[in-house]
Structure formats: structure tokens, C-alpha cells
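Inspection log for the structure reproduced underneath, given as C-alpha cells.
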């Protein structure tokens, strides 16, 4: 402050002023440290700093024009947003306010990610319908949820169109390989999905959902409770059959104490559990981190390298090796059925059914 | 006493100025949202004379490689075609405000489709020699009323590596000309004062064909498709995109909200239309076609390129429609994006829905009012009338015809 | 107060650049010329105080920035304002660090030097943040943003002034009920409009059905119909028609206002259907895709299946070239002649009626006794033949039907009938009790020194793999009874239902 020295009459005044200023400066200095606890003005909207004019209050339309006026004169009218009926807007506003209040209260509930893997096949003539139906269920599951749909690359974009309209957060994976054996294709599809999860190191509970599965919505909240591996009973319903087939774990509380499986038509009961998975693919879910962080689960990472060609096999292997980590859901003795499968004699459902029967024979 | 008061007031004012200026530097990367400029009609405001050059400077080159019509730098070709039939064109050079030299200097592609601008300086030099000997207009101003379309990565520096480009600097012969280029970064030797920054070329018909209904629910939070590491050209990492793209991948690959990947799906355009934010990080150059795609598809561009000068920044309110994230702040991208209030996001989306913004980003065939061609002309018209000082005195010479690397001086 | 003033001035400056910051200063200096010097000094003094406050504040942020930033880069353009959030973040991380030592940190590699030029050509560090992510709170916030954006899209592009959707569903307790009805229920739960779901249950209102539809959270009207579902498909179709008419009477009695649609419990819906039916004025028809469930038991059927692969049979309105209703597409049942199912137990294919109810929607005012603008081509509900095959019998003239869904070209609704055999049984309420037989024993061996009692805290049991002696692999072990009251209640009621159900069959 060069001007200070040159003043002679007002030395006193200046001194006072300087003291005030420095006081204020010090005050400012310390308030600068305060906002760690009081970050609202900064942290709530960090973008404000980057995009200069995002200062809107809840009324977007008014604000935009008001803002425009406060800026320089050459702001155009054409830039104003595409017109929206004002009536709807205000209603929406009210709604949004309420919504926000609701959001605020629900903010605390952060949930685990659920990753649903669904392989589809163009050979299945019901796939479009069943995909929509499954999508309707998945849409109702509270976020975060990621739906991984795997399909062979094709000219038709029917699937993409259906998925796009659902509003679900999904990833549509395609592969180029051709398969003559539908079972091999299905396995490949699952592996493609697992590869994606592994590559991205996505962390969540992975569940394979066939297109003909029907879920009780409670199922998904139970799914989120799984630590490492979860399993549950499933009812398989077939047309014109007398018997309902229920397969899955028999539990005490959430502990799996055995399996209830339909005996194979071929007769030989599944005794040799060492080599085969007693459960169907839709019967269990697992924590995806086993794919990319096996050490966390007490497994040497080298085993992943060895099985990197077939993640699915790897997962099955891990489940079998340590049944103590299996949790039965729901925790009340796994006694509530929350998953049904409709057995069609057509397309992918039949294939899946077949695979699962094969799976037990492996 | 009074004087003192004034001095003090001036001091305070100056102080405020300095603070404001510092602020301004950051926020006024874009010099305001004079968006109505987008609707301007350039016809009648300027006249352009198109030099007639031998076809070896343009048409023949294109014949050799038709791929030039579809790559990101195709603006130089379409601008020529547009001007030939534009009402602003004049056949009388005496009444022209601007002179245009139709030369396709970027149309030299490797088998992979990457443009190598090694021949461009010689070609440029040869064409300027030609027009300066055949017409009197170049010598009158030494190019100050001429404009050139140089859409390459680093504009008229004519090199694909930034370091080399900076070393070379803008071609000496173009020092006085107005450059129309996609490259834009503040305080960069390859961006001259007064250049017009344009969007890269994106195929309008193809984009049109992939439009999906606007009511398709936006279900992707952040979308990006493209390279994170350029292993071939940057094996060490950290040069490409100044490390920003790699940081995006390393920090957010495991975030389910970030739909990021290197493979381009067939539904790329559709996916952009169902995304809320589209990342537009720098690559080798600060700009990328994603900017155009994001605006056209109504996805809020998240611009990660420090000090980028955006296309038509004087006409498009980039600050209003996009989100700017410093390269340094990439690890906080999720925090930054999730803390934008929903109202702000909706407002940005409404602005993006404005068709004039989309038009300004495209080079459609045939041209439409308000498209990128018209924005270029508007930009040129806003520079009129020319300052009297651009006209040289008889005998005066400013340009040094022998400056620059020896390789550039060889005949083309 | 001081602080808020500070913030205000700070915000002002942040939002506007020079213009607004300069504005007040300008005016104050202008005022000084007119007003006495004292006031001027006071104002000036105050102003300077404020400025030094702000300066101090900024300075402190700078210090803050230099002190705590993990990155060694001190580029000035990363202004302290911009990075304040990041700083807070970084600080948080530092405090978090010791709590999860298992994580390996990749500290940011930064070799960027502070330069005057903003363009730094050369190698840059790849910044990898050390704290774990994604942050669950931010994930939820992002989902809220997505939801908000989608809601806004619906407001902008969706149906304006939507009418209530009144859904009529006939059902009855059976093995496939849960499977079918859940699907329909999920579709209805997604409908973004007001919705009333009238569920008509054959054999009277059952707890089973009530429990199921209660889960939807929708406005439901659950009415019983005092007749059991017969065993032949023909009879079942007829009874279902009666049940639907019964529901229509409910609509009339309660004067429900909206669009009535018929959703069988085994229908499948595309969400676009619910938007499309909002376009109906009085009486509309949509196309229904028929999913024919065929048995692959014999060879000829397989061939059949391949043929069907080409095109899914569709039932619904047919239009002429000028998009006017010209007739109806009906299901061609000829290929199934002699192989179609007559009884629910039959193995054959279940065929649809000539025109299914689910392909029609109507304005509920058509049903009201005294609607003002009711057209005269509608018959009174009471005069209707109880055996009416389709809602077309409500009309005196079928030409008034409005074909919906691009004149029937768009299929948004599918029909499928599959049932288990009528004598099939299922666990009541789908709760398995008594437990299933163990066919494959768990290979886990019991722990010899485990406590004989189960820990009282169930949560612990879930988390700790602590097998007790009780966990033998035999099925004769004594099972721990859940003490949950709720469960017991559910069980008792469900058993009642199931016994009734069984005697019904």
C-alpha cells in the first residue's frame, strides 16, 4: 500500500485502517480453514467453479432468463430452452421438491451392486418377449444394478432396441464366435460376461438369470446380503406336468447342510460331489471379486491365470472347494421359494434345462 | 484530500480488476454465450473470392483417396464445395472481402487412414506462390485477407506430434492469413490470434440414420468409447492425452456408472443418446469428434482438456451446455459429476436439445442455414471491415519466404 | 453474519467475472463524489476490510492447497477454488487410510513441473486416486440423477394428462399362478400412470392371491367369483369371460374413470402398451402376439416349430391401406387340428380364442349407467349375454373400434397359456415345510468341539461359518424352529389355502 507512506495528516487514521485490514485479513485467513466442516458452498457444487454459471435455483425456466439478463446484453433468446408447458413444469417442480426430500432421506441407504447376467440367443423365438418380461422385473429392483446381456453379434438390432427402452443400466455384450452346440455357446456367453466383470474389476454380486426365470422382488434384497457365495432353492415348473421340481440347498438357518436335487433320469444319484456342481447356474450367486481378487478369498492368484479361459469353471470350482462360505438364502432355512423357472420346450430355455441336467453329470 | 481519495479508489478498483481478471482467465475460456449469433445469416455481410487452382491441389488428391471424404478432417473438402455454390461467393476479386485458396492439404492418408501432413507445408507454399504470381491480391496484404482451412491435429503447424509441431510453429507463409482450424488450445504456438476454431467433421447422414426417439430413457451415467492408452505411439504412457485418458480408465473402470471401454460397438451413436454425460477427453490434440457427437446426440459433454479453445466458442455457450473438468481433477470425476444439481443437468440437456446448437456442429450436404459452414462465414464476417493497416505499402515485405525448415522449401 | 457476507461477496465474484465485481465498486465511488467524505471513508474502509477478508480467505485456501495436496504439481491454473473439493476429499482420504491397510496404494506419479506456459508437452503422470471407489453414496446420487433425468424425459415426451388405467385380471390359485401373476404384476408396477387393478378370483378370494397382489403396492380391488375353474379349456375361457364381465360391473358400480384393459395373469406386456392405450377414445383394439407352446414330443411338431420361427402368429385388428379398420387377424388353428388341448391336463397345445379379451381396451365411461357423452352404439352391460366371447359383444357396430399400435402393426402384448396338470401340487405359499430331503449331502464335516447350542444371535450364525454338531448330514436331525411369529402366521394361513385348493381340484 504505497499510498500510506505518503499521507502525513492521516497517519492515525491509516494506522487504524491498516490494523482493521490486517485483522480482517487474519480473520479471512482462518475462515478459509473452516470450510472443511462447512463445505456446503463449495463441495455441494464443485462444478460451479468449473462451469461458471450453474447457479440455478429450482425454477429452471425463470432462472435461465433471469440469468441471461444479468449477463451481458447480447444474450440470445433462441438459446432459451426448448419450451415446456409451464403448468406441467410447476407440477413437476412440486414433485421434484418432494422427490428431493425423499432422496435426501434415502441418501443414507447405499446398497451393494447386483450384476445380473443374461445370455440370450437368436434361436429362441420367444427371446424378445421374455427379455421384455425379465426387464420389467429387473427395472423394479432398486439401484445399483447392472444388467449384462450377452448375445452373438447379429444384423438385427431387435435386442438393443428392447434393452434401450427399458431404462435399466445395462451393458450389451456381443461376441463373434459361432457355435454349433448351443450348450457350448451358453457357456461361452457366461464366460464373456465374467470376462467383462473381471476386466473392469466390477464389484458386486453376480447372478445368472435365464430368460424364463420369474422372481419375487424380495429375492434381490436377499441377493445383496450375500458375502461370498449364496444359494437358494428354485422351483422348476413345466407345462402339463404333475410335479413341481424344487431343487437347491437344504439349510439350517443360513447354513447349507445338504442339497435337494432331482435324481437324474439315468438313475445314478449324484454322490461324487468332488467333481461336479450340485447346483444349477441360476441357483447360486457369488461375489464378483473372486474373479479379479482371489487372494482376498484366500486363493492364490495363479489359479486365475490357469482358468482364465473359463471363468465359469473357476467359479464353480471355488464354490465347491469351500462350502462353508456358502450362505443359504433366505436365511430362514432357505425355505421360501423366490425364483421360479418356466420350462418351455423351445429355444434357450430348453437348452438351459439340458445344460443343467448335463451339469450334474459332468 | 480529494486526490488521495481518488488514488485510493483507483487502487481499490485496480485491485478488484486484478482479481476479476484472474477469475476471468478461467471462466472466460469461452468468450461469452452470444448464442443468437448462431442464427446469423452471413449472406450479404461478406463476399468471398475462390481462387481457381489446378486440380492437383484439390480434386486430383481426392480422387486418389476417397477416404478423405469421411475422415475427421474432411471439412477442408466440404468447405470448398460449399463455397463454390454459396451466395457469398463472388467472381469479381475486386469486390471480395476474403480470398479462399482451395487446397486439400490434409488428404494424405496412411493405409490405416491416419493423415500425415508431411507434404502439406510444401503444398501450401506452392499454392501461395501460385496465387501470388497469378493474382495481385496476395501481395497487397501478404495474406491478411486470405483464409485457409487447416483441419489437421495441430493446425498450420503441420506435424502430428505436439512437440515437433510446437518446434515448427505455424508455417511462416501463413503468419498473416486467417486460419480455420479444428485445433484450439490457449497460449499455444499453433493457435494464432484471430483463428476460427471449427468442429471436426462428423458424417451427418450417418448420425441422422442412428437417431433414436428422444423419449428413450437415458440410462447410462457416463459414456466413453475410445483409447485410454495409445500403446503404439506412446509405449511409456503419459504422453497420450497427457495421461488424462489413462487416469479415466484406471480410476473408473470398476465403477458401474462409467460405461467406458475401448471397443466401438455398433450401437455407439445410440448409446450416446441414452447417456447423460459423455466424456470428451483430449487425445493427442485437445479436440475430438466426441464433442460434435455429444452435442448432436444431446449428451452433456464432459470436456477434459485444459485450456481448450472450443469450436465457435463465440457463438456456442459451451460453459452452459458442457461440464469442464481439469485434467488434474480426473480422479474426482465421479464426485464432480454426481454433485451437479439435477436442475443444472436438466438445463444443460434442454440447451443441448436446441437444434441451432446441433446444426452449428455439422457440415451437412447440402448446406443448411446455421450449419458449420455458415458459422465459419459468420466468423469471417465479424472480422470485417479489415483494418487499413493490413494493406502493405508498395514495396513493403513482411513475410520471409525462406524461413522454416529446409525440407519445407523444396518444391512440391 | 460477517461470514455470510463474505460468502456472498465471494459467490458474487465467483459467479460473475469482472462486471459484477466492478459494479458495486463503481457505484460506491460514484456516490463518494456526492456524499460527505466521512461516509465515503466509512464505505471505503468497510470495503477494504471486506477485500482483505477475502484476500485472507483466498490466501488461506492457497496455503491449504499447498500444504495438503497430494500432487506435487503446483500449477497455478488449478486455482484453489476449483480444488477445494478435492482437497477436502484428499483430507478425508488421509484420515481413512489407516483403517484399511490391506489396500495397496498407487500413489500418483507426477513429474509435471510448474511452468508459466500452460501447455506442458512431454510426459505426464497418470493420476490414480488412493481412496477406494466407487463411493457408495455417490453411486446412489448418480442413480438419483438418472432417475430424475428419466422422469423429466417422461414429462417432456410422455403422455400428457394421462388417464387412469383400470386393469382387469381373472385368476385362480394353482401351481402356475405365482409364476404368471408375478410377471403381470411387475409390468403393472412399472406403469407410470394411475392404476387400479381389479383381480377377480375364481373360487372366492384367497389369502394366497391376496398376499401376492398385496406385494405390488398397487391400488387393487380383489373380488371373488363364486365358481371354480372347470377342467376343460373351453369352459375355463367361458368362466373367465364371466369373471371379466363381473369386473366391468365393479367398474360401473364404483364409477371408475379411466381406460379398461384386460390383462390375463399369463399375459406379457411391453411397457409401450400402457402409453399406447392412452390414445384410445372409446373402444380400441391392439394386436396380440400368440406364443404357442408346442410339445416337442413328436417329430412333426418340431418341423412345425421351425415354421413358426418365421413369424409369430398375431391376433388383432387388420387395416386397409388408408389405415382404417378393415377386419381382424385371427389365429389360424388349422395346423393344430386334433392336437389342441381340450382339458387343462392335456398335453396338446392350448389355443387362443378367436379374439382374446386382452386385445381390447375401452373407456370406462362406456360402462357407466349415466355417462353424459356416452355413444349410442354401446350396449348396456346388463343386456350382455353371459357367454360373450369378446368385448366386441358390447358394441352394436364393430366398425367403431379404433385400431391402436400403428394400426395393429406394432405388437406390444403377448398371450401364452401354459399350466401344470390340474392335480399338481405345490408347497403352500411356496414355503417349503417340512424341509426337503437331502439327496446330496453337504461334504462339510461336523466340528467336534463346536458348542451344542446355536448362538442366540442369528446374525452371527449367518456370518460365521461355524458348523455345530447338529449339522449332521442326516435328515432326521432336529430342526431349529424359527421363532418368527410372522412366519408361523403365514404358514397357518397358507395351509388353509392349500387345503382348500386341493379339495377344489
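We call the chains A, B and C, going by the order they appear; numbering starts again at 1 in every chain.
Keep this in mind: contacts are C-beta pairs under 8 Å (C-beta built on N, C-alpha and C of every residue); 3 or more make two chains touch, one makes a residue touch a chain.
Note that the coordinates shown come from a computational prediction; the quantities given were computed from them, not determined experimentally.
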Category of the chain touch graph - line, ring, star, complete, other: complete
Chain whose Cα centroid lies at the greatest distance from that of subunit A: B
Nearest-to-centre chain - CA centroid comparison: A
A-B against A-C, pair bridged by the larger set of C-beta contacts: A-C
Centroid distance [mean C-alpha coordinates] between subunit C and subunit B, Å: 43
Chain centre separation in whole Å, for subunit B relative to subunit A (CA means): 38
Averaged-CA centre spacing for the pair subunit C and subunit A, given as whole angstrom: 14
Subunit A residues counted as touching two or more neighbouring chains: 43, 46, 50, 52-53, 71-72, 84, 96, 113, 144, 165-167, 169
In subunit B, residues with contacts to at least two other chains: 8, 27, 216-217, 219, 221, 254, 256-257, 326, 332, 335-336, 339-340, 342, 346
Contacts with 2+ other chains: residues of subunit C: 14, 17, 48, 79, 82, 85-86, 139, 141, 144, 146, 148, 150, 152, 156
Interfacial residue positions of subunit C with respect to subunit A in the complex: 2-3, 6-7, 11, 14-17, 19-20, 41, 45, 48-50, 52-61, 63-64, 79, 81-82, 84-86, 88, 91, 136-137, 139-141, 143-144, 146, 148, 150-152, 155-156, 160, 175-176, 178-179, 182-183, 186-187, 189-190, 215, 268-272, 289, 291, 293-296, 305, 308-309, 312, 345-347, 414, 418-421, 423-427, 430-433, 435-444, 454, 458, 461-463, 465, 467, 470-473, 475, 477, 479-480, 482, 484, 487
Interfacial residue positions of subunit B with respect to subunit A in the complex: 4, 7-8, 11, 27, 32-39, 212, 216-217, 219-221, 253-254, 256-257, 259, 265-267, 270, 274, 317, 319-320, 322-326, 332, 335-336, 339-344, 346-347, 350-351, 353-354, 356
Of all residues in subunit C, those that touch subunit B in their complex: 13-14, 17-18, 21-22, 25-26, 29, 32, 37, 40, 44, 47-48, 51, 71, 73, 75, 77-79, 82-83, 85-86, 89, 108-109, 117-129, 133-135, 138-139, 141-142, 144-146, 148-150, 152-154, 156-158
Contact footprint of subunit C on subunit A as seen in their complex: 13, 17, 20-22, 24-33, 35-36, 39, 41-43, 46, 48-50, 52-53, 55, 70-72, 84-85, 88, 92, 96, 99, 103, 106-107, 109-111, 113, 125-126, 129-130, 132-133, 136-137, 139-140, 143-144, 165-167, 169, 214-217, 227, 233, 235, 237-244, 246, 248, 250, 252-263, 269-271, 273-274, 278, 323-325, 327, 331-338, 340, 342, 344-346, 350
Residue ranges of subunit A touching subunit B (in the complex, touch as defined): 1, 3, 7, 43-47, 50-54, 56-58, 60, 63-64, 71-72, 74-79, 81-82, 84, 96, 113, 115, 144, 146, 153, 157, 160, 164-172, 174, 199-204
